[in-house]
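Both of the next two complexes hold chain A, though its partner changes from chain B to chain C.
Let's look at the complex of A and B:
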């Protein structure tokens, strides 16, 4: 079970919880598992095509998953996944 | 629309004064404001009879609209005695206000400490630091409200050390726009402006400018733009329903609030750079997206309009190297 850190703007959907411990072999599976528990959260993070929205960054431990294997990035039990609004970026 | 009687000679004298004021200054802070306004022509065909104009606030010396509010807050605090040379100016900022304080601090000779969310852009951190400003980072998970809370804690722990302008609750913030942005728009449109639309962060721009424009002509409509969702990518803007509501925000004085999606705003920003040659930040894209909503409504009603908005800053302030990013601290 990995730990997912939830940013303030999404905590309304997680009943105020800052961290969710949940199961999944990849980052994508973790998000699917979050969606099963907290309906509506996935569409905030991913677009209609299922890709991570351009203004959202996801870090596996402290690495940006865009530079790993995106949603296919494998997750170990001890890993910490952080969902962070990319208010800083977008124009590369 | 009101007929405006313009005396040509007086007008050209005034232009000469404005030009001189914009080019020769005793100190850098004298160059704040008096920004040019540019017409956005790429929307003409889609919205016949509608003019869309934008104030180029990125041409302020600090590179953003925030120079105006920061200057007014500092000037009013010096005037009232709340700020003297022994105090450090401290505030929370997602970047632009912090850069403005840093620049004004350098020009006027006081120290600045800023509390920023850990996920603000690298460029903004470096710019503030280059002015000698001390940076304190709040959690990247908590956005600008996390920075507000941490800033309050620091001030409460040592109240005599700091002057805390608190841009979210300081009436000098909208006053800066009331005194400068609004009369500039009035003059630059020769009183023809019918609509003013701007994004809300602290809400200082829209509240102060809007208040003065409505005094100049009551029929002028004033609209705010906000992100349509709590989790968004429009740096500098606030989704009010999920945020600490600024003390200076009085929605009853507005004609309405336009919720804009991040992707829509980003697309408009791209169009501005590629079809107008104007490379501005995403909050500018959101502001123009709001202006386009108003334009669409006016065209549907068969009415003409002169819509004015604000370009808060330039896009290069958000550029980052395309290398693997690390989870920002703390």
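Let's look at the complex of A and C:
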């Protein structure tokens, strides 16, 4: 089970939770499992083609997954995955 | 009267009413001002523009204010200089320098964006303006806020050039040095804007602010006789200016003020901080942020530029390219512009010069192509430090003619 950090603007969808511990072998599977628990969250992170939206960054242990294997980036149990809108901060 | 229809998300197209917002709530894409071009076209003609005062406001219908501007009334309409001596040095036929190093009032193109942003802040009734800045924006925001008695809070990286810090403090602004990079400052400003609702010109007012850059593009076209150039070379920090020059040219074409021309728009960054240029040069579509920028061109040292994707699209979509010169090339570029055209630009202008040289050498700019315009956006007096070590010191003599005559056998040999 990896930990996914949820940014402020998406916490309305996670009942206010900042961190979700969930299962998945890749970042893509983690997002699918988030969607199963919190319907509507995936479309905020990924576009219609299923790719990560251009102004959403996902970090696997502080490394941008665009420079790893994108949604196929493997995830280990102890990993921390952060979803960060490109315009970071407390804007929403 | 305003011709602004609203704001729309550049990514998903969601529409927002006019407000100090800059990010799409749904997909986090940046918001862009949209206009009623049919209505603009009924009013704005070459003769109407020509009848107006020589400032950026001669294109008011294409700027996002509801009322006449309240700051920066004299900003814009800087010289477009025919640069024949520089053209010969660089080996191109027709070269121009758009010279915002003499912009009013603070000697950089940031006067344009701040004139729009602070006028807009006043329309919104925002009492305090602020910005994250690498220096030039700090100067412009502080000065223009002072001109209407507004409080300004300016956040900068703690290690900026002393001249840029002093030229901010003098206006009575609150200056906060942040121990971190520009990107750290920017992130902090996002949080402050969210918490206190101040008008950060380049954060929550960004969609309005950025539109001010279009005036730089309109002026190039008008000053060339309502003609679009064959090439434009523009410096990139956050990537906004280059994108807006592209937007300006396409608006002029849409309005029938210029005939369609395929202007190649090229981007320049310093080698020590080239997150956007490297996307183009290396053919990548993902931007790799630069964690620790290392360059004398501090005004361009943004490691995580907000408009990287659209800047790349502007270059590639226009058939342009990018170049990232080294610090020594930047200094050479500053000296070459000064020695050939008598224009002293800051390090960022040296970057644009260095990039232009490379793009010509590499064949991206053809020697016989039409007009080539180099975008000079800042003033050399603000960034003198890198030149201190490389420029010759004055020859020192006593106050007697004999002492002077002694130079004629040395440094002044051949003058008489």
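Convention: the second predicted complex is superposed on the first by the 87 of 92 C-alpha atoms of A that agree within 3 Å, B and C clash if a C-alpha of one lies under 4 Å from a C-alpha of the other, contacts with A are read in each partner's own complex, and residues count from 1 in each chain.
Please note the rule applied: a residue touches a chain if its C-beta (ideal position, glycine included) is under 8 Å from a C-beta of that chain, and two chains touch if they have at least 3 such contacts.
Source: prediction; values computed, not measured.
Engineer: Regarding the shared-chain residue A:67, is it in contact with chain B (first), chain C (second), both, or neither?
Structural biologist: both
Engineer: Touch check for A:55: first (chain B), second (chain C), both, or neither?
Structural biologist: In the superposed model, A:55 contacts both chain B and chain C.
Engineer: In the superposed arrangement, which partner chain does A:18 touch: chain B (first), chain C (second), both, or neither?
Structural biologist: first
Engineer: State whether A:44 touches chain B only (first), chain C only (second), both chains, or neither.
Structural biologist: Both partners.
Engineer: Give one of first, second, both or neither to describe whether A:5 is in contact with chain B, with chain C, with both, or with none.
Structural biologist: first
Engineer: Please tell me which partner, chain B or chain C, touches more residues of chain A.
Structural biologist: B
Engineer: Residues of chain A that sit at the chain B interface in one complex and at the chain C interface in the other, please.
Structural biologist: Common to the two interfaces on chain A: residues 9, 44, 47, 53-56, 64, 67, 85-92.
Engineer: In the complex, go through chain A and note every residue touching chain C.
Structural biologist: 9, 44, 47, 53-56, 64, 66-67, 85-92
Engineer: Can you tell me which positions in chain C touch chain A when the two form their complex?
Structural biologist: Residue list for chain C touching chain A: 11, 22-30, 187-191, 193-195, 204, 286, 288-289, 306, 309.
Engineer: What residues on chain B touch chain A, complex-wise?
Structural biologist: Counting only chain B, the residues touching chain A are 94, 117, 119-122, 140-143, 145-146, 229-235, 239, 242, 262-263, 266, 269, 282, 315, 318-320, 322-328.
Engineer: Could you list, by residue number, the parts of chain A that touch chain B in their complex?
Structural biologist: Listed in rising order, the residues of chain A that touch chain B are 5-10, 12, 18, 44-45, 47, 53-57, 59, 61-64, 67, 82, 84-92.
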